[in-house]
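Everything below concerns the one structure shown next.
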Amino acid sequence: MSILVNKDTKLVVQGITGRDGSFHTLKMKAYGTNVVSGVSPGKGGQNLEGIPIFNTVEEAVNLTHANTSVIFVPAPLAADAIMEAAEAGIKLVICISEGVPTLDMVKVTSYLNKKGVKLIGANCPGLITPDEAMIGILPVNIFKKGNVGLMSRSGTLTYLMVSLLTSNGLGQSTCVGIGGDPVAGLYYQELLQMFEDDPETEAIVLIGEIGGDAEERAAEYIKNHITKPVVAFIAGQTAPQGKRMGHAGAIITSGSGTAEEKIAAFEAVGVPVARLPVDLPVILKKLMKLD
Amino acid sequence: MKIHEYQARQLFRQYAIPVPDDVLCYTAGEVEKAARDFNRMVVVKAQVLVGGRGKAGGVKLAKTVDEAVIAANKILGMDIKGFKVEKVLVADAVEINKEFYVGLTIDRNTKSVLFMASTEGGVEIEEVAKENPAAILKIPIDTDLGMTDFQARKIAFKLFSDINLVKQAVEIFKKLYKLFIENDASLVEINPLVITDKNRVMAIDGKMTFDDNALFRQIDIEALNEPDEDEKKEIAAKDKGLTYIRLDGNIGCMVNGAGLAMATMDVIKYFGGNPANFLDIGGSSSPQKVVDAMNLLMSDKHVKVIMINIFGGITRCDDVARGLVTALDQMKVTIPIVIRLSGTNAEEGLRIISDYNLPTVNSLSEAAQEAIRLCNLVN
Amino acid sequence: MSILVNKDTKLVVQGITGRDGSFHTLKMKAYGTNVVSGVSPGKGGQNLEGIPIFNTVEEAVNLTHANTSVIFVPAPLAADAIMEAAEAGIKLVICISEGVPTLDMVKVTSYLNKKGVKLIGANCPGLITPDEAMIGILPVNIFKKGNVGLMSRSGTLTYLMVSLLTSNGLGQSTCVGIGGDPVAGLYYQELLQMFEDDPETEAIVLIGEIGGDAEERAAEYIKNHITKPVVAFIAGQTAPQGKRMGHAGAIITSGSGTAEEKIAAFEAVGVPVARLPVDLPVILKKLMKLD
Amino acid sequence: MKIHEYQARQLFRQYAIPVPDDVLCYTAGEVEKAARDFNRMVVVKAQVLVGGRGKAGGVKLAKTVDEAVIAANKILGMDIKGFKVEKVLVADAVEINKEFYVGLTIDRNTKSVLFMASTEGGVEIEEVAKENPAAILKIPIDTDLGMTDFQARKIAFKLFSDINLVKQAVEIFKKLYKLFIENDASLVEINPLVITDKNRVMAIDGKMTFDDNALFRQIDIEALNEPDEDEKKEIAAKDKGLTYIRLDGNIGCMVNGAGLAMATMDVIKYFGGNPANFLDIGGSSSPQKVVDAMNLLMSDKHVKVIMINIFGGITRCDDVARGLVTALDQMKVTIPIVIRLSGTNAEEGLRIISDYNLPTVNSLSEAAQEAIRLCNLVN
């Protein structure tokens, strides 16, 4: 099982001829991800180590039956690339590009809703179902197949957390980087439900950070819908107000969106929040009764 | 990116949203001339990029030219929440019958543009939101359609009953939406939107924030940026691929990734230390970026210790180590450095820096504790 | 039964205080249509012979439970009025206004599809279920309750046809003026299916005219989906090419959209086409075996 | 509303769609000067609002100034399908490597904007549609989004393989869509769109029609209207609330409602007569409208009989009768009139005109037959 990606994933890479696109395409393929094609306007007919390249996603879908797309194009072109994938019949789009304008994402959201297409990102490191498929830029060596589902607004913080999980013997069902932008695709609520429904997932790790109130909403959702154990971590307890902490979405505005509020919201519904990264696997093991 | 009130008023005018006349002044002399030209009651308003000017005494009514000059002398040079007032706006003080709030923002949860309106104008909307959330009307705007007449009318009828006022408000709301969309704003507020004694609907004050991610296509907006000293440093860092924010502490941080950078700061704080900055050297870090980052950290005289925390994924630890070695060779680094490398090529990285006698640590917690210990030694 | 409107219809009139709006509101009410409210921005709180007037459709729906709207506002404001009705929860909108820009209707169509709202018109005389409800500007005295369902792109031509039906003893289940614009709401296909599904309707009259190929498509649809007898009439056999014959949609472009093509299409699928208006009831009676 | 090629080319330029240079000329003298200024091969093109100019000899290449003058002399004053050529366009004759067709229209069935493209450029698209429909690519454009880059690219890749040409085409398609939407067009065509010998993608000829219903908000487009004599009469009628189209017959028709007006003409034709016009006096007809309509019919010297067919609904038959009586009293009507009134207040209407000895008829068919009989008597 696992969620979103697995052995049935047929991936097309949009922006496959770019520096990052080609580099990570080969990494994904090396991990065993079924990369069926790439898109790069004007480079149709070429190939990247045997992966055929097309001018449009439509051709890639028609000729290689891609069902999932990952996007490495520059941010100003990302919204168009996402919509192109959706229009071509792709059902899951992962957008790695960082710096996509927020109004582009608002427009994209409305379009994807009409088309019934799922999006992860933008500005995310991608997702992985260990031993089945990695889509994005994740360092695969830290992951291990197992029963913990993980979702995170951050990249490297996720890697740290995953390596702590793995070194503590806690493998992962699927790990999803949901991205650090204010308006993004699949978020806590949808992913919590997917992990809840996934028989392979036994516990859930939620890594949040300052900005917005998605964590507060997630807490509310967990209270009402999630029966599996959840442990959270919130980054940005020392972040000042009004400053964008790297991620476009990580900003405390008018005293709202603080780590304190988020931690309190989780604890109010019985979700433990690790104060230090190293504490997280310990709490999780206790909840999973693995001690 | 934030802009000043006087710039927001300019944008309102550009979109034909009615605003009282005003003049931007840098000196009391300019204020005197402006007040004389107005020849009626004016308001003198501090132009700083922070809320709460009114409470801080940064906004004053002046019935005469003399009063305007007195106000200007008081306000110019004033410090408001750490921001020095360098300019004031002298504006026609129209007679106000009633104040309202209207604004547009992007709602992260519904992923749509949200129009907000309230009859409680003139105060900060966050306070209204906390004390009387029901007083704020929130209407999602379908960006496929834009702000339709009927939606603008629906909102206007909730604020006004006179059809003449409704019609003026409908035009203002539609223009405000246009301003929001066309300039990639993340927040635009008219606060207060007022009815004047002549039954005109007007914008008296405006607040605007723009999407940094969209500035590449908003050249005119980017040109409005007036960064303070800290922000200039942030922008300079950005040009080198670094995300930097100065803080009040003394442990300089260098981390790859925004989330990990925040978590690193949190861990330092957890063990009783104070981070001097947020510094994300980004994904595929070249050695040069590390050199730039070291220069940036060394330029802050508050920094007593440098703590480097790298989790190698795309970033390779050996690249970071190479950059650090270059920096150490180039510049005179007199303060202690704690470095934690893990993930991709961590061992090679540690080997590269092994000659430099840096403290070795095994975990993030240990690194933070060591940095704090060294910092306390220096003090 | 009948289709679309009946005794359960609760009508709100948008533009009720205008000259046409107020005149026809009283006519509709006099016929027995359940007119529950009207909308006229700035006139909220007033009433028209007891019918309460509101500033917005939202108020009218909330306070008078209107489920159907008829629009009498000037053409430049019609699209906005239709969308206002849809957004307020109205499920059937009839737009009488003539001269609505085509691109406005394209925009409206996309919006109504999202909201699941039905539209009749614009530029139409409305519709009637005799003895139950008349919505629009139809001269009620010519109609008679019965079993013929009728749809037409024209107004006065419809009246002529209906009076011929009535004087021949052929009453009507529902008569729908679908309007003379190139882009309009419910059209032949949807209405044919509704009449097919309506137990009260025994036969169908389709009145078409030059322009477009909706009649050709209707013929195809009848062939595949309609079992009840259908008789057609096509106006504009003498219309010249390239001239807009009154209705914005009635124009033959580049030799396409002619009456001949349409008549041929119907006859090819066995739908008789009356050459003279007086022939129509005669053919219909024969098909309905009423001779 | 249609516009001329030279006006379409102006609009293309306004939207930065590349078009070869051109000059509009009314005389051979102007053509000579224009050709001299170009100082290279030009094309002289008749400007008439009808298709098939090329076949009719209205488009000629000219290698020299003399050839241009000869062409101008041939084309100016020429009659093309009933349209007299009063002006020609002298345009730079670029070297063409390949021709394409692209256009935008509104699809009645899908109720959306449709982009059409074909590699069979330079011929009328209707012919391609008939002979080789598969050669026309049709792509619906979501007006909520507009023409996106990816859609433009998708189409462009079906026409071109060279990425340099694709990029030029993408820009042209997006601009063409913008032109279409912003001006409320019902049809815009670039035919042919060409690749020049210098590998530039350019519009060589354009055809545009605009939505009459939207002209109220398209003042600039309305100003481009150049009505011929018949159209001037139609516009004058429109100003009086009448929809009038002159035809070739001799039975003048006056009807309420467009569908009934067409059916009335059809019935006349069915019985062997020839309608002289389409004339819809509209819904709520005042007596004055009937007077205006009578004046309009009488101004056409081909009209031998007038046939009035009114089905009273909103229109009241007595109003029509009153208007007719006024007209008969005011003007000298020497030709016979057949009138059929039915529906609302028909009896009162018939009573009002009873003094005027007009033939009474019981049905539309009878009215048409009587009109034809009277017409034959006159001839």
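Which chain is which? They are A, B, C and D, in the order written, and residues in each are numbered from 1.
Definition applied: a residue touches a chain if its C-beta (ideal position, glycine included) is under 8 Å from a C-beta of that chain, and two chains touch if they have at least 3 such contacts.
It should be emphasised that the depicted structure is a prediction, and the values quoted were computed from it without experimental measurement.
Colleague: Looking at C-D and B-C, which one has the bigger number of contacting C-beta pairs?
Modeller: Counting C-beta pairs in contact, C-D comes out ahead.
Colleague: Would you kindly say which chain has the C-alpha centre located farthest from the C-alpha centre of subunit C?
Modeller: B
Colleague: Distance-wise, how many Å sit between the C-alpha centres of subunit A and subunit B, to the nearest whole number?
Modeller: Centres of subunit A and subunit B (C-alpha means) sit 27 Å apart.
Colleague: How many angstrom between the C-alpha centroids of subunit C and subunit A?
Modeller: Distance between chain centres, rounded to whole Å: 50 Å.
Colleague: What whole-number Å value describes the gap between the mean CA coordinates of subunit B and subunit C?
Modeller: The computed centroid separation for subunit B versus subunit C comes out at 56 Å.
Colleague: Where in subunit A do residues touch two or more other chains at once?
Modeller: 107, 110
Colleague: Where in subunit B do residues touch two or more other chains at once?
Modeller: 142, 144-145
Colleague: With touch defined as at the start, can you tell me which subunit A residues reach subunit D in the complex?
Modeller: By the definition above, subunit A touches subunit D via 41-42, 44, 55-58, 77, 80-81, 83-84, 87, 107, 110-111.
Colleague: Which stretch or stretches of subunit C touch subunit D in the complex?
Modeller: Those residues of subunit C that touch subunit D are 20, 75-76, 99-107, 109-110, 125, 137-139, 141-142, 152-160, 163, 180-183, 207, 209-210, 212-214, 217, 233, 235-240, 243-250, 254-256, 259, 275-278.
Colleague: In the complex, go through subunit B and note every residue touching subunit A.
Modeller: Its residues touching subunit A are 51, 106, 108-109, 111-113, 124, 126, 142-144, 181, 184, 186, 211-214, 216-217, 243, 245, 247, 255-263, 265-270, 275, 278, 280, 283-284, 311-315, 342-344, 363-365.
Colleague: Where on subunit B is subunit C touching in the complex?
Modeller: Going through subunit B, the ones touching subunit C are 142, 144-145, 148-151, 153-154, 157, 163, 166.
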